[in-house]
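In what follows, chain A forms one complex with chain B and a second complex with chain C.
Moving on to the complex of A and B:
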């Protein structure tokens, strides 16, 4: 028997005027890093607040290590939250912030001082004990918030959009920091974010959420390479989407017909009778075919091109009117097609994925 | 020289214009008060030009011998302190209630703020009649009740402003770190609102100190300062009244200045903390 999950949600629903979270069940195994990934309004913050005890679910149970704690207030739960705006205490020093939880627990001053000093060393803030919060940089504040939660050695650490609102350099630095703390302290972490890069680089497991429902649960690799449907696909970067005229099942490959061309596709991993299939492709894996080369799809008319730094985005249209955007390298050696010109494209050796068209609500 | 530059005070002419307007406005605002101060030092000043030798503090010393004035001062201080001591926590409660409300917030705020616009004489008369029905004899207590009604909306507004500066996430964080609701309130909300709570107290005290219309109906045998002044003026302006007005002006300005200086000092001291003062 494996030990019970650090956190388990059992058919949790939260309804305001309408359901925000609908019948969600999930588990966060001990010592793992799980990320709930979803766009704004998908209910991910609501889930975090229900786990933290700040919101009561309308239905369902929340269990910590197998014990039902649905009815407990935040101060009685074995988890700590890093809030999106951190919630640091502006009237206290860095040390007082970090020691606050210990003080509330009645830990004696000598032990408080020792734990606080140790924790500040772990987050590389030695010597900042007497600083005020407003004297710190954004990254330092994040680390104070981390130290303040981790000093209590919580069974689970909850992160609400941990890297949102930071500049790129700081984001990378902090991402490393969180990853390091996770490994060093063996903490169980549940994060919510709308940022796919954050989710991919930090997590053992990703839960993709849309409109209060789980669309997919899997490892970063699974979610990134085998998205369950067109919604998840678009969220993890399969931005090139085509609607086929028809789809034929096969033994090894399936075949789809788009604008009169036969296209070999990966067989679908999930089947959903409520939706038609769509073909999804990574826009950066598409290139323009040489005139002598056998193309995968065409002809397409180039509508416009836009320089994006590393890539050039090509907006094109198929003969059946479908639009397709893809990226070509911005290297000087790669020719950028003129607007209005006719092109053919290649995506071999990649095969398009066939996924249920769940972009619209069923 | 563009019109825009003049309006923005970027030209020397523009700057002069606005300095003059500002100085004039301030002079008009404070002239009556300053005139009163002048007259308190020399009651003849109101009649015209007089030799400066006749300015003296003698009317201020005369105040000290006025037993009725001392009684009124004591009464006003008592009423003011009682009013401020009650209005501050009740105003804070109202602000907390407003923050916690999800429905009817606007109505709640409107009802609280409307009390600012009830005419003093009407409120005083109504309250005096009501308190008589209840069997409460007119005394400093009845005045304090009237002043509580008068100062509450102001106290509530000052608390609301203070509370709006307290981020909900700081309170949530305290709860998250193990504090119960009361502990979080004492450790986080109250310290973060300290400035506003002090302002609320001082504001309520000064409002009570200067209130006359309600006190007129609610006072027992002992008058408050404004009532005493009003009575004294009716029996002919005496030099002591000017001296007394002067005292009120100086004391009010001093109190406000002290509180303000204290708050500013506290703010600027905040970042620098004495070594060893950190309490873990």
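Moving on to the complex of A and C:
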């Protein structure tokens, strides 16, 4: 038997006026980086606050390394949170901020100084000991918050939207920083975010949340390549979704019928009798077919095109009235179709996925 | 002088829109604030002519020398001491009250509680001070209650016409002056800061001592100063509730004006205003008190 998970949620529910988190069970293994991914209002912050001890679950248990700590207040839990707005102490220096948790725990001043110095070196803030918080840049503040939590060597580090509200350059830099700290210190990390890039690049495991329920748990690759349903698919970037008229199961491939055309699809990974199947495509893998080429779908009428820098977004309509948006390269060599023109499209070698149409709220 | 092109532009640059917008309030400040104060300060250096009972423009420090005669310095010290005591007591009461309003209540309840604290201002200060006589007097509510309960046989004398009564009346009257700045200071504390401190292992009292108290300190000092300044200038509570020999700076000024010694009265006023101004400037420099009011938009 393996050692108990650093954090386990056992059928946790939180109800305000209506359920915000419904019957969630999940595990964060020791040393892993788990991300809860979901749109705003999906209950991900509530989960983090219940783990941190700032909210009490309505039902269920929260276990740290196998020990039930559901009833403990925040200051008695072996985890530390990096809040979205950090909560750095404005009346203290950087060093005092980092040493705060040690001081509260009654660690002697010499050890405190030593640990603080080491931790500031790890987050590359040597020489900033005596600075005040308002003298630091956004990225430096994030690193102070990281150091302040990590110096306590928490069993679990909780990150609340760690990279939200930072500019792109800083985002990339910090993403690297967090990933490096995770590997170097072997820290167990649970992050919540609404940003799929963040989740995909940082985590060992992603939990996709929607309206307080888990939609899928898997590695980034599994979630990205094999989304469990249309909701997850759309969340990780499968924006081109079509409703088939008919779906036929096969042995190797399944076949779906869209606007009178027969389309070869991947067999569905998950089946959900409550929902019909939808056909899901990556919008950037679609291109416009040459006149001589055998197309995968068509004809489509181009409604509009929009220049997006790297790509051109084409909004089109099928003969059965379904809308389809996709991206074509914005290279000068690639012709942009005129509005109103008729086109055929190709997505080979990608095969569309058939997924349960869970787009409607359950 | 020849007309220079671009003169209008340079005038505009020298009198920017901000200055024009500030002009009305600046006019009020200079008209009813600065000019009268300047006159008082100037006339305090003129001489009092006992023959005509009038002042004449002969520069002298006589009024300032007189500050140290006839026990006037003692009145200064006593007034400052009483004001400091009032301000201390008010601040001690205001911190938990403001904490309740600014930190623990939602915005709606906070507004309601703050309004409740300002209701006493709806009645005249004179009436409020007088009301204490009905509470504290020999036949007052407290003495009647104590006697009917058999706790005392004769009325407690020191309740009224004593320093205790004055202190009670002043604290009751000026407590809201201490509460408002402390509420503002509490409201400026970000919730995440307190959460972070709990998250890092601090219990209730540690959070209070290491995070909350240092962050509301400017509000506490501002509240103390507000009450202190008002308490230094008051005479009502002392006249209505104080003992026979009780005096204060404002009563002293009143007495001096009764014999129309304007320069002396003005000298006392000038010293008080100067000392209070210096006190406030020092406190503001040290703790950036003016920041507290940024959130109000003033």
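Some points to look at:
As a convention for this text, the second predicted complex is superposed on the first by the 361 of 362 C-alpha atoms of A that agree within 3 Å, B and C clash if a C-alpha of one lies under 4 Å from a C-alpha of the other, contacts with A are read in each partner's own complex, and residues count from 1 in each chain.
Following the convention adopted for this analysis, a residue touches a chain if its C-beta (ideal position, glycine included) is under 8 Å from a C-beta of that chain, and two chains touch if they have at least 3 such contacts.
From a predicted model like this one, the values you see are computed outputs, not experimental measurements.
When the two complexes are overlaid on chain A, chain B and chain C occupy overlapping space and clash.
By the document's definition of touching, neither partner reaches A:202: not chain B, not chain C.
Touch criterion not met for A:242: it reaches neither chain B nor chain C.
Once the two complexes are overlaid on the shared chain, A:112 sits against chain B while remaining clear of chain C. Note on chain A: of its two partners chain C and chain B, the one contacting more of its residues is B. Residue contacts after overlaying the shared chain place A:100 against chain B and chain C alike. Of the two partner chains placed by superposition, chain B and chain C are both touched by A:152. After overlaying the two complexes on the shared chain, residue contacts for A:181 are found with neither chain B nor chain C. Contacts of A:265 after superposition on the shared chain: neither chain B nor chain C is touched.
With both structures placed on the common chain, the touch criterion links A:50 to neither chain B nor chain C. When both complexes are aligned on chain A by C-alpha atoms, chain A residues 52-54, 73-75, 80-81, 83-91, 100-101, 104-105, 148-149, 152 touch chain B in the first and chain C in the second. Only residues 52-54, 73-75, 80-81, 83-91, 93, 95-96, 99-105, 109, 112-113, 116, 129-130, 132, 134-135, 148-149, 152 of chain A touch chain B when the two sit together in their complex. Per the touch definition, chain B reaches chain A in the complex via residues 167, 169-181, 183, 187-188, 191-192, 270-271, 273, 275, 278-280. For chain C in complex with chain A, the residues that touch the partner chain are 190, 192-203, 206, 210-211, 214-215. Residues of chain A that touch chain C in their complex: 52-54, 73-75, 80-81, 83-91, 100-101, 104-105, 148-149, 152.
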